[in-house]
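Heads up, there are several structures right after this.
Both of the next two complexes hold subunit A, though its partner changes from subunit B to subunit C.
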Partner chain A sequence: MTFDSCNPHKNAPVLKAALKSGCLWLQGHLQGYVHHRLKCHQQILSYWKDISDSSLFSMDNPGSPSLSSLCLCASVVKSGCLGLTLKAQRHGGKFSESHNSGWIFKTASSFTTAGKMALLGLFLIPGPEHILGTDELGMDIWSQICYGARMSLIIGLAVALLSGVGGGVLGLLGGYMGGNWDKLLLRAIDISMALPSFPLLIVIAAFLNPSIVNVILVLVLLSWAKPARIVRSSALAMKKQHYIVSARLNGASPAYIIRRHIMPEVLPLLFVSILNIASYAIVAESGLAFLGLGDPTSKSWGMMLHYSTSFRSIYFTPYWQWWLIPPLVALIFLLLCLAFIGRDMERVVDPRLRTGGRS
Partner chain B sequence: MTKLLEIRDLSIEYERDSTSGGVSDGSSEGESAAGCRAVDRLSLSLEKGEMLAVIGESGSGKTTLALAIMGLLPENASIKGSILFQGKDLNGMQEEEIDQVRWKSISIVFQNSLEVLNPVMQVGEQISEPMIKHLGLGKYEAKKRCAELFSQVGLDPVWLDAYPHQLSGGMRQRVLIAMALSCQPEILILDEVTSALDAFTKVEIGELLLRLQKECGYSMILISHDIGFISSLSNRMMVMYAGRAMERGDTKRVIESPLHPYTRGLVNSTPGIFLYRDLWGIAGEAPAGEVQGCPFYSRCTQRKSICKSGCPDLEPVDSEREVACYLGGIVTLLFASRMNYSYRLPGGGMVDAVKDVCLDIKEGEVLAIVGQTGSGKSTLAHMLAGVMGSGVGEIYFKGNRMNGERYGSQYGGIQIVFQDPVNSTSSRLTVMDTVKEPLDINHLEGKKERIELVKEALTSVGLPSSEDFLNRFCGSLSGGQRQRVALARALIMRPKLLIADEVTSSLDVSTASNILRLLKGLQNSQGFAMIYITHDLMIALKVADRIAVMEKGRIIEIGNSHQVMLHPQEEATRKLVMAKMNGTEQIIGG
Partner chain C sequence: MRSRDRKGMVMQYATVLFIILVLNFFLPRMMPGDPFLILSADKENEIVSVLTEEQREYFKSYYGLDRPVHVQFIRYLSSLVRGDLGNSIYYKAPVIEAIWLRLPWTALIVVGATFISTIAGILLGLFSARNRRKAGDKFLLLGLISFAEIPSFLLGLIILLAFAVRLKIFPLAGAVTPFAHYTGPLDMALDIGYHAALPMITLALTQLTGIYLLVRNTLVTVMTKDYIRTARAKGIGDRSVWTRHALRNALLPVVTRVGFMVGMLMGGSVLVENVFSYPGVGSLLREAVVARDYPLIQGIMLIMAVSILSVNYLVDIIYEHLDPRVASYEAA
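Presenting the complex of A and B:
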């Protein structure tokens, strides 16, 4: 199947086929995910029940997208993890890399090894061989999107977890212990919140070696303050609660109080904040990559946008439809999923809603 | 003054097989253990003109003691020890010799009832009988003397010809007194003379006895369980329990500051001493049969292992008071001095919330701390509980200096219940987890025992202990229920001191009074001491033995609750009392 740039009518079935296969693939994945990982899912569900008193899903009215968002987000994760394996199989084992094993950073950052280019396959239009065609180097765009998903998720989750957990722990200690440590923490939070994050990010990224680890570290440095502040204020308020004072008078250690009383209260808040940080980190990473400050050897959605927009006169060709739009859609899609999950989480952990909704 | 009557090591035992006829009080509900000991190694002395009160619950051996002095004990009683009247032992005397003393020197007024007087004899005749026998008077003289006696006790001599059933209770009591006084005895024993009389007659009889005592100069042994009655009539009192003297001393002082927990219990159960307070009797029952150690052990609020070792004897505490307690009477549970705490103001200044406060709480006592909002009472309570940590003052708990240790982490420590019911239990824990928490934290008891203890604690605070309720989240309970759960959590640690910080102030009146009564009832039955923080003087008066009034971080007045109420020393207290009184008048007056 060839792609005719002059005749858009001819392109329609091609696009349709591409979309159809993509949808089928996605659908298959969703089904596979749901069916094959049902057990795993149930474990996750029960975990969430523990965390939020089962209100995550019981509060979830049919119109609410949180569950579906979770599934869609999971499909993105899935495509990130397995997409390349599929591609590798399609390419008849041309992919020499092993995607199931190995260090996740290594696989994410070392895309461009020999054998990934389709020979004589530059600028291929979408077809059964390449769902979204190939780019100017002949690299499969769908593969890149799958890789990009992995990249975005790794960065998003790594930053979110590191800053969420790290900031959470710092805030917890500051709030619960108080004293000079708390003062120090507050000043650090103030400074970190006052810094203009994105310009700083650009400056730091420009000076540092643009590797994925550096990007993660910079983003963590700029985003730990928010969870720290949330957790600190909540721990500070909780500390004065009479049932905690009672427990303390009964001889409970700080570890016990944090584990038994403060953690269950703080964890959902922290999770919301982690989700928000994940979105922020994904956007920031894409932004950096789009500006050309990302790791040039990595494949991310930002990088794809960067390369596609810097490809001269892309808008004069139909290539933007499968080179520029898909990474953008994927990015928006992932962020929307995260936002929906975050919003629902927020609703679940909102104490007013909780006390009102449950009796 | 000479010792008129001296009793040394008197023990009286009733043998089990025969019924204790004629003894209304002594052998109580016939615990038919091998020999019921009604009086146990009791010693006392009575001086001329002295008025000694013997008080105690039913079954404490008071009447038996009176009967022994009179030599009227039934056959099945065996007596050890000596009863010396003017140096002569009444115990060893023959019946004829006793007859010389009985009624002539020692007479008794029995508890008023129809049985005491012969129903088919005119009362005048009954009174003359001993006079004719002991004083050798003729019938006419006796009759004349009877008339005198009648006017002395405030009865019209026309009643001399009446039969007992024609007289009212008060009149009969007067007849009995006249009868006892007929031979001008040196010792008059009054056995529960007023217990069946109405308040007005009671006062009249009391005044009569006092007047007659001044006129005739006899010594009195007042046997009663009515502290209100004896307080005005006697100058010394002896508290009896299970046949033993528990405390002896000046009447006023004993009532004002009882040394023995038992005396305190009796005082607390007496209406009329504390005008506003609810009445609570001593929890538990007197021991049945032979008891190892202190007889009050099972009901005592401050029992220790030493109390089981043997029976304590009366030991002098100061020049005129004696108490039979190994611990020397009611022990000071917590003593705090130089309590200081200031809060930092946002502006940088400091505000003294508690300043130079010094107070003590005795075992089993309820101390109410009253004061306006912001007077520092809650801060003080938190300091005592250890919320502020160490360094807020010198606190001695059970005699040990508290140094930042938490006495809440062990049985018999200090527990606190807070004001806000929503805040005092975690919404995300179940009732079971909440109540069990102190045990979990301190790894006390096994898993099954913990659950049992939780159920027990819940039952004691009046909550259901069903599985369904145990698994409910505290967030789904009402304010009153949550406060009860918090109370159960405190009680599961069996505290010696419970600090209740405005526990009822955020509850509605009905729930609040239920919780209040529950709390006081638990305090009474479990015998812990309680510090009750409140801004409501009326509530304080309902529950407290003592009241401390706080203002601007200082305790400005501390004392027995009725004294603080009736005779406030400080202007602020007076205002507080007046405000309450006026409020009440307005409510009642409409």
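Presenting the complex of A and C:
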């Protein structure tokens, strides 16, 4: 067997054999710390091997054929939307440039209702100029979708990172340090898990100024508990492992143990819960906006749903076909992407799910 | 949560309730501005009357705002205990009455959705576990897991667009046909059920996957147990083994799940009712938000939070009675 730098699949057995023989050799000579450090490295290596073996980079795994394509789609959504905003913005501003309003109002009286609205640029059906049509104010729907993507992604990412990192650090300290701090943390986690999050979210959003920052802060306060609990319990379990005990007895400081031994194992778990929090935050933000509690100066997919569903008798007109459906499809698409990525990450991270099948 | 004693559980729920009450009390007081600085200037040509110092003092003592904060808080609590949630600005009526009018509709769809998703989840889970790793099981698993990722109001919109707007099978909005004359109670029940069907199904679909996966996975685990082999060895029929020996033991975790599901359904009903313009508490909440009717928003939040908490507490207690192992762990 030779080491092939191009094909990760062929490398797996090579790496495994090398590690195994290395382990056996060391086991005979060095007991204690060195052995355990190597074991730790082996775990990290096998973790990366799993990732490269898994569906993230291959289509062989029949359990998750969708992942690679969905990953691609998600990145296309992101980059496409962020890149196209400027272009779309020009589309949106077209009305004021091209139409002479005095002329419109003189001649508009001779048209039918539909004709008037077409002249004013309202409710234009999708066409070459406005690829998804326009809404009741003559605003281009595609450009609104682009801005909304930015909003959803910012909120999802910010909430997930803040609560993931914050909750992770708290849980790590609680699980590793133990003592009164841990008891306090456990209480706080229990209480914050028992809080009915959605009603609370509505009230806080109704009273505070509904800016992005406030929504992010409230969502972080309601979602930090889950990553904290996951990280705490795995840190607690790992603390008693032999290789960590022997590292400590060899004089390793807590900071060193956390950095070198606990973090590599905890991070993948944290990553999965960060993905879940991201989709939770996106759903919560769009739900709030749908209720009319979003920031009225911003554009988001939830706000589009709010405006279109609160438009009087929209279902008796054809407008819902191009006004209501785009934000709906965009939201569902983004959430499904996140969900599939999260599910596959979970399978990569948790060996029990992989070997035992999804039983 | 299981391993802690009853006292700790009560303490936890009490703390959560206290936090909610404190939030409810302090949020309006944290808002910027002073309501007594300027009195009402609704129209532009109207004279803005600035209150004198005496008038401000009068209003402050009238609303009890000159007392220390803790006295205000205790007065707030005691009025809550008496069932006084304040007056709605928009409806010009006590908040509790406005909520009471709408509560039955929400209760109807939440309870209906709980029943539908529990029964359907158990049946589908049983089917899936019996046909494990066959085509039907795989199809169900994939379909339901994908369904679970779509949040309730988006699913509701899809269902509304498909069945009410496009196919016109179900009504677009409302809980009863307006100006309808019913010939009897059956007719009325049919009409109510017809209107409640779509929101109920939407809510049920969002929670179905949880129950389904739970039943399926527990059944798979239970079927490997020794007592199942014993039952089979005794010559009990396949159908009886599945339903009487396996399913009964697999239903235990479902009880907890159903309890938490009710809480989630109440949260989800806020959005789903708005999708279907169903006149429950959720659409009342949207009306209150649009009208900036703060006492009403607070009242709805409080009622919802208290009912979610009490359902969860009830589930904890029921579970203890159903599963004697929990109690024995605690004793040990």
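Following the convention adopted for this analysis, the second predicted complex is superposed on the first by the 238 of 359 C-alpha atoms of A that agree within 3 Å, B and C clash if a C-alpha of one lies under 4 Å from a C-alpha of the other, contacts with A are read in each partner's own complex, and residues count from 1 in each chain.
The rule we apply is simple: a contact is a pair of C-beta atoms (placed from the backbone, for glycine too) under 8 Å apart; a residue touches a chain by one contact, two chains touch by 3 or more.
Keep in mind that what you see is a predicted model, and the values were worked out from it rather than measured.
Contacts of A:L293 after superposition: subunit C is touched, whereas subunit B is not reached. Using the contact criterion defined above for the overlaid structures, shared-chain residue A:E265 touches subunit B, although it does not reach subunit C.
Within the superposed three-chain model, A:G251 lies in touch with subunit B and out of touch with subunit C [touch as defined at top]. Counting residues of subunit A touched by each partner, subunit B versus subunit C, the larger count belongs to C.
Judged by the touch definition given at the top, the superposed model places A:E346 against neither subunit B nor subunit C. Applying the stated contact rule after C-alpha superposition, one finds that A:E129 touches neither subunit B nor subunit C. When the shared chain is aligned, subunit C comes close enough to touch A:Y315, but subunit B does not.
Across the superposed pair, subunit B and subunit C both touch subunit A at residues 358-359. Contact residues of subunit A toward subunit B in the complex are 53, 241-252, 256, 261, 264-265, 355, 358-359.
The part of subunit A that touches subunit C in the complex is made up of residues 187, 190-191, 194-200, 202-204, 206-208, 279, 283, 286-287, 290-293, 305, 309, 315, 320, 324-325, 328, 331-332, 335-336, 339, 343, 358-359. Across the complex, subunit C meets subunit A through its residues 1, 12-13, 15-16, 19-20, 23-24, 27-28, 30-31, 132, 141, 145-146, 149-151, 153-154, 157-158, 160-161, 164-165, 172, 217, 220, 263, 266-268, 270-271, 274-275, 285-286, 289-290, 294, 297-298, 300-301, 304-305, 308-309, 312. Interface residues of subunit B facing subunit A in the complex, by the touch rule stated above, are 385-387, 406, 408-410, 414-416, 418-420, 423-429, 434, 437-438, 441-442, 475-476, 486, 489-490, 493.
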